[in-house]
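You will see subunit A twice below: alongside subunit B first, and alongside subunit C after that.
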Partner chain A sequence: MNNYILSKKLFRNELSTFYSFLIGFIIALFVGSLILLIQDKNPIDVFSLMLKLSVGSINSLSNSLNKAIPLILAGLGISIINSVRLWNIGAEGQIFMGALALNFFYINSSIQNSALYIFLLLTASFIGGSICILIPALTKVLFGVNEIITTLLTNYIVFGLTIYLINGVWKDPASLNFPAAAYVSELVYLPIIVGKLSSGFLICIIFTLLAFYIKDKSVFGYEMRIAGGSELTAIYAGISAKQKAFLAMLIGGGFAGLAGGIELLSQTHRVSTGISQGFGYTAIIVAAITGMRPLGIFLVGCLFGALTIGGSVIQTIGVSSYIAEIIQATTLFGALVAQFFFSYEIKKKVENG
Partner chain B sequence: MVDIQFIGLLNATLQAATLLFIAALGELITEKSGILNLGVEGMISIGAVSGFIAAINTGSLFFAIIIGVLSASVFASIHAFVTVVLKQDQTVSGLILTILGLSLSSLIGKKYVGKKLDVKLESVVNIAEPDSILDIFLSQNIIFYLGILLMVATAYVLKRTMFGRRLEAIGEDLKSSDSMGLKIAKTQFIATCVGGAFAGLSGVYLTLSYVPYWTDGMTAGRGWIALALVIFGGWKPYRTAFGALLFGFLEALGPRLQTYGFEMSPYIVKITPYIITILVLILLTIFKNGDTGAPRNIGIPFFRENR
Partner chain C sequence: MTVPILEVKGISKTFGKVKALDSVDFYLQKGVVHGLLGENGAGKSSLMNVLSGIYIPEQGTIKIQNKKIDRLNPELASSLGIGMVHQEFRLIENFTIKDNLTLSKANIFLENFKEAYLKYSEIFSLNSSYNTLVKDLSVGEKQKVEIMKLIFKNSAIMLLDEPTAVLTPQETSQLKISLETLSKEDEKTIVLITHKLKEIKDFTETIFVMKNGKMVAENLQTDEVSDKHLIELMMGEIKTISIRKDNLKGETKLEVQNISLINNDEVNVLNDISFNIKSGEILGVAGVSGNGQVELANVICGIQQEFNGKVLINSNDVSGKGVKSRKKLNLSYIPENRLGVGLAPGVSVLDNSAIREYFKASYGPHLSKGKMVNYLNDLIKQFSIKAPDVKAEISTLSGGNMQKLLMGRELISNPEVIVAAQPTRGLDVSAVESIHKLIINQRNEGSAVLLISEDLDELFKLSDRIIVLYEGRIIKEVDIESANIESLGLAMAGINE
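Let's turn to the complex of A and B:
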C-alpha cells in the first residue's frame, strides 16, 4: 500500500452525487437481498411485491407520495439549516410540535369552512416547528451550545409532551384503548387531488421550489452560505453570521412543523403518536444523500416514501418492515463509499529524486 | 440503618450511571483521537440485542458479554471505515450509524421481544437486604466494577502511556502528528472500534441487568445523553464519571418524586432527564466560556496533500 498515494481530484463530476446515490442504492438492494436470503425469503419476490404495492396502481402510488410529503418537507428544513453548516436532528420533534400547535390553534378558534382557515392552521404548524427549535437555536447563537445534541433531545421532550397531552387534557373520551386527541372536523381535511393523493403534495412541491429559491437564488441563501463558510469572511462582508444561523434554524424547523400539520390534516386527522413514524430521522438520510439539494430531496423523498410503503405492505408476507429502513440507511453508507471514489484518486507513487 | 428509600435511590442511581458512563467513556476515547461518532445510540442498541440473543441461546452470561461487545465493535468499524479510510463526513456517518443500528437491532431482535432471560447478571457479593451505603456498592454486578476499572485504566492509558499520548496528539493536531510519523489512520480506527466495544458493554448491561428484556427502542436516547456527558466531563474520564452519577441520579429520581411528596404526571417525569440534560449543557457551555476542552481536530478528516 505504501507504493500508492491518495490525491484529491481537482474537479469533481457535476453528477457525482447522483451517481453516488445510484451506486449506494444498488449496494443497499444487495445488502437487503442478503438479509432476506438469510431469512429464507426470495429477494426478487419480495422486491417485486414491494414495487407493485408501492407504485403499481394510482392508489398505491398516491400512498407512496403521501408518505413522501413529511420526508421531503423535513428534509428541506434540514437542508436549509445545513446552509449555515448546522445540523437539525430534531425534525422528528418538530413534526410532532407542528401537529400540536395546529391542534392547539384548532381547539382555541371557531372552526370555519374556508381555505383561509386551513391556511391559518398550517401556519400554526409552521410556527410550532419554529418554536420547537427555538431553544436550540437561541442557545447555539448566544452561547455556542452544540445544536446536534439539543435538537436531538427535544425529540424526546416533544414526544413526551404529546403523550402527556393525548392521555390528559386532549384525550378523546371516544377513543378508549388508543390514547389520542379528538378528530378534527372534516371541514379542515386537506382535499384529495386524485386517487388518495392529498393536496399536501402540492404544498410540498411549492415548498421545494421555495427552498430551492431560498438556498440557491436568494440573497439570504448566499449570505447563509457565507455565514456558514467562514466567520471572517462573514464579518468582512458585513453579514451577521449569528442572525443568519438563527433565521435558518427557525425556517428549517418550520418546514418540519408544516410536515406535521399536513400529516394531521391529511392522514391521521387527530393528534396521536402516529403523526410521525420516524420521518424526521429518515429525512436526515434523504437530505444528506442528496448533498442538501432541494430538488434532489424531492426526488429521493418520493423514492423513500415508496420504500416505506413497500416496507409496510410486505409485513403481510412475514417480512419485517425494518428492511425498508435498513435499505435507506445502507443507501447512504453506499453513497458515502462511492463519493470517496469521486473525490479522491489512488495514484502510483512516482519516485523522484 | 439508612432510610430504605434512600437505599433504593442510590442503587438505581449507580445502575443508571453505569449504563451511561461506560458508553460515554468509549465515546471519549474515540473523540480524543479526533473522530466524532454520533452512532452511540445505535451501537448500544446492537450490543444490547446481540448480547441478549447470545444469553438466551447459550445461557452463558460471559459469552453474551463477549458477543455484545464484539458485535458493537464490529458495527463501529463501519464508521471507522467510512470516516477514517474514506474520509467522509463524520456527522453524517455517525447519524446513519444510529439509524442503521436501531433498525438492524429491531430486525434481528424481533423474535426475541417479550422473551424472558433464565439467567441474569447477579451481584458479585450477595447481600439479601442491603441496608447501608457500603452494601449498595458491594452488591452491584460485574459490569459496574468493570466500569470503574475501565475508568481508571482509560485515565491511565490516556495520560501515562505512549499510545494514549499519541492518541491525544492526533486529536489535537493532525499535521504535526503526521510529520512526527504517528500512524493516524490506524490509531483513529482502533479508537473508534474501542468506543464501539464500550458502547456494546453498556448495551449488554442494559439487556442483561438493567431492564432485563429486549424491546424496540429501549435505548431511549441514552446514547445521546452519553454524548452530552462527554462534553459535560470536558473529555476527562473522572469528570465524566461524576457527570454520569449526576445524570444517573436524575434518571433514578424521576419515578421516585411522588414518594417524596411531589405531585407530577408520570409522563412529565419521563421527560425530565432530557430537559435537565439540555439545561446542564447550556449552563456548562456558558460557564466554560467557549473553551470546553474539546480535542481541536474533532470531526476533521485527515488528508495528507501529496507534493
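Let's turn to the complex of A and C:
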C-alpha cells in the first residue's frame, strides 16, 4: 500500500532557488567528471583549463560575456512571458526573426554613420521578435491555443524563412556556395568596450534592469502576476487578463528579437544560419534554473556563456565540446529536482477514506 | 410489503472529523420511483456513492436482491444492476450516441440495437439519429443519452443525481413521463436525488429525507405527505436569533431595475429582477444555489456587462460599464469563490491584499511596494488577520484568515454598496461570528449591503429584508419582521402560496 503522499510546503526559504541552482551545478560537475573519467581524462585538468580559457584573460572573459548576451536577453523575454504563466519555447525563432527584421530594415534604408541609425536597426530587431510571436499571441488570447506548441512551431517556420532568404533574394554572390546574406557595413558594427567585449553587453545590462523593473516594480508587472494567478481574479479586479498576456508575449518576443539583432551587429555581421547556435533553447534552461528572476538570469547567463566558451576550447585537447552542454542540461535537471524538494515534502498519509 | 430489491442498514461513513453518513437505513422497492430529498451536504451524494461502490462504509450492511454483499466495489455494483447518472455527464463527446450507448461490456442490446434504440428514444422523445455525435446534442439530450446508457447496460436500479438541474421546464415534465414509463413498463427501480420539493412531489411515489448525514424520514407516501412537513424535515429547527434591526435607513444606494440575462445555453438565468437597497440596510438573497445568485452578483458588480435592465449606484447608471466604474463609486464585491475569484492562487498575500486598490499605490507606471506593505499592515491590524509571511503564497493562510483578508480589503475603504456572496461558507464558528460583526458594522456605518446566502440562519440574523430567488426570478419578498421560515423554505423550493 502507498502510505506516503507528497504535500506542498507552505513556506519556502527565500534563497531556495539559489540553493537549488548550486545543488544542480554541483551534481552537473560530478556527472561531467564521471563522463571525463570514462574517457580517461582528468576532470580537474579539464575543468581548470575550461576555467582558464573562459575567464582567465580579458579576451577570453569578453568572449564568454559576448556569448552570454543572447542567452540573457532571450531568457529575460521568457521570464516576462512567464509572469502571466505562459511558456515561450519560440525564443530561437524570435532571435532569427530579429536578425531578419534588422537586415530588412538595413537593406531598405540608406546607411548612416550614427548611433541613432544603430538604435533604429536594433529597434527593428525588437519589433521583429514581437512579430514572430504575434501569431502564437493572437491564437492564445482569441482561441486559447496552447502557446507552447505554437511558439515551438514558429521556430521551424522562421528557420525555414531564413534558409529561403539566404539561398534566394538575400544571397550574397561573394559568399560563393555558402548560403548567407551580404555583410553589413562596418559603420553599423556595435563598438567594442574592452578586449573583445561588445557594447551589446551594456544593452544587456540595461534590459536586465528593465525586465527586473517591469516584473517587480511596475503596475504592469503586478497586473501580469494577478492575471497569471487566476484569470477570474483578474476580471474581478478589472484587469484584462487577455490584454496582459498579449502584451507580455509581444514584449518577451521583442527581447529575444533584440538578441538576434545584437548578434548580427556584433558577431556574425550578416544573416546566416549561425545567428543563433541554439541560444533560444539554452535560454529556456537559464530562465527555468533561476525561477524566472531577471537578476538570476543575468548571472546564470554569464556562467553559461563561459561554459559554452570553455566547452569549445577544450576540443583542442581532444575533449568533446558536448561536455559543456551536458553540464548545462544536468544543472537544470538537478536544480529542478532540488526545487521540487524545496517545494514539497513527503508526508505519511492521514487516513481519511 | 414485498422484499426490497435493495436494502442497506446502519451505514456510517466519516471523512476526517465529519460524519457524512450516520447509521443510515435505506431500501428500495422494485418498479417504484423513489425520491431522496435533502439540502446540500445532507449526505445524499455520499449515500449514492456507497450504493454504487465508490465509497466503502465503515459500518452497515448492504443487501441486493436479498443477497448480502460483503464488500461492494464499482464493478460489482454495476454487475448487480446498480447504475448512476452523475451531475457531470460521463459521455464521450466525440463518439456517436450509438458508441456511447454500447460502450459497456454489459451492453444487452448488441444484436437488436436498432429496435431497442427506436423503443427507448421514443420513450425519451429523443429525436436524433444514433449516428449523431454526442457533442452536437443539447444538454437535455445528453442527459437522455446518459439515462439510456443505464438501460443499455441493464441496470435495474437507476440512481439519478439532480437530473433536472440542467433541464428546462418542458424537458423536466418530459423526463417525468419517461421515468414513469420506465418504472411501469420495464419495472426499473428509480431513485431521484434532489433538493427541489416540487419535483419530488411530481415525480415520485415514495420519499426519503436526509439531514446532516442522518435519514430523518423513511418511505413517506408522496400523496399523503404535506409540503410543510417535508420542509420541516429537510431544514430542521432554525434558530432565529435576530440582531437589532432598528438602525437608521437612509437614501437609496443601489437600484436594480428589470434585470434579465440569457446565458450561453440560452437559458433565462435572470428574469426581470428589480429591487433597491438603502443606506444602512441589508437585503438578504435566499435561494438554493444555481438559481441565478452568481449571475446577479456579476451583473451588479460589472463582471457580466451584457444584460437587459439597469444598475444604478447612488443614482449613477453603471449598466454596460465595467468593474472599474463600480470601484470609482465605491462598490465592494466579496465573491462566493474565495480562492480563484476573490483571491488569486499562487500569488503572494501582499499582492492579493492590493487587488482592489492597487492603482492607489501607483505613480504612473510605478507601483510603490512601500505603500502596498503599509496598506496590508493596516488590514492585518484592523481586521486581526494572522499572516505569518506576507511574501508567501496566499494559500499559506487559513480559510478564515483568507476570508478576513478578502473582507478587509473590500471593506477598509468604507464602501457605499457591498455585495457579499456566501461570505461564511466553509468557515468555523468563530470566523463566522467575526465576519457577521464586520457586515453589521459596515451596515451601521451606512453601507447598503446585498447579502447572498444559502444559510437561512445567517439571513435571518443579518437581513432587514429578504428576497428569494428561484430559477432566476424573485419568487418572494418579505420584511424580516413578517418573514417566516417555512414559507421561505417553500419559496426556495419553488412553491409560493
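The rule is short, and it goes like this: the second predicted complex is superposed on the first by the 336 of 353 C-alpha atoms of A that agree within 3 Å, B and C clash if a C-alpha of one lies under 4 Å from a C-alpha of the other, contacts with A are read in each partner's own complex, and residues count from 1 in each chain.
Criterion: a residue touches a chain if its C-beta (ideal position, glycine included) is under 8 Å from a C-beta of that chain, and two chains touch if they have at least 3 such contacts.
All figures in this text were calculated on a predicted structure; none of them were measured in a lab.
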Subunit B and subunit C placed together on subunit A: clash or fit? fit
I'd like to know which partner A:Ile149 touches here: subunit B for first, subunit C for second, both or neither.
first
Partner touching more residues of subunit A, subunit B vs subunit C, is chain B
(Q) On the A-aligned overlay, A:Ala237 touches which partner chain: subunit B = first, subunit C = second, or both, or neither? (A) second
- Query: Just subunit B (first), just subunit C (second), both, or neither: which does A:Phe220 touch?
  - Reply: second
| task | Check whether A:Trp87 is in contact with subunit B, with subunit C, with both or with neither, and answer first, second, both or neither. | result | first
For A:Ile285, select first, second, both or neither according to whether it touches subunit B, subunit C, the two together, or no partner. first
Let me test your reading of the model: by the given contact rule, A:Ile163 touches which partner, first (subunit B), second (subunit C), both or neither? first
Overlaying both structures gives a minimum C-alpha distance between subunit B and subunit C, in Å, of 7
Seen from subunit B, its contact residues with subunit A in the complex are 38, 78, 82, 86-89, 91-93, 95-96, 99-100, 103-104, 106-107, 110, 220-221, 224-225, 227-228, 231, 265, 267-268, 270-271, 274-275, 277-278, 281-282, 285-286, 290, 303-306
Seen from subunit A, its contact residues with subunit C in the complex are 10-12, 14, 217-222, 225-226, 228-230, 232-238, 350, 352-353
Listed in rising order, the residues of subunit A that touch subunit B in the complex are 5-8, 35, 87, 89, 135, 139, 143-146, 148-150, 152-157, 160-161, 163-164, 167-168, 281-282, 284-285, 288, 320, 322-323, 325-326, 328-330, 332-333, 336-337, 339-340, 344, 347
Subunit C residues touching subunit A in their complex are 13-16, 55-56, 301-303, 322-324, 327, 333, 335, 337, 340-347, 351, 354-356, 358-359, 362, 365-367, 369, 388-389, 391-393, 395-396
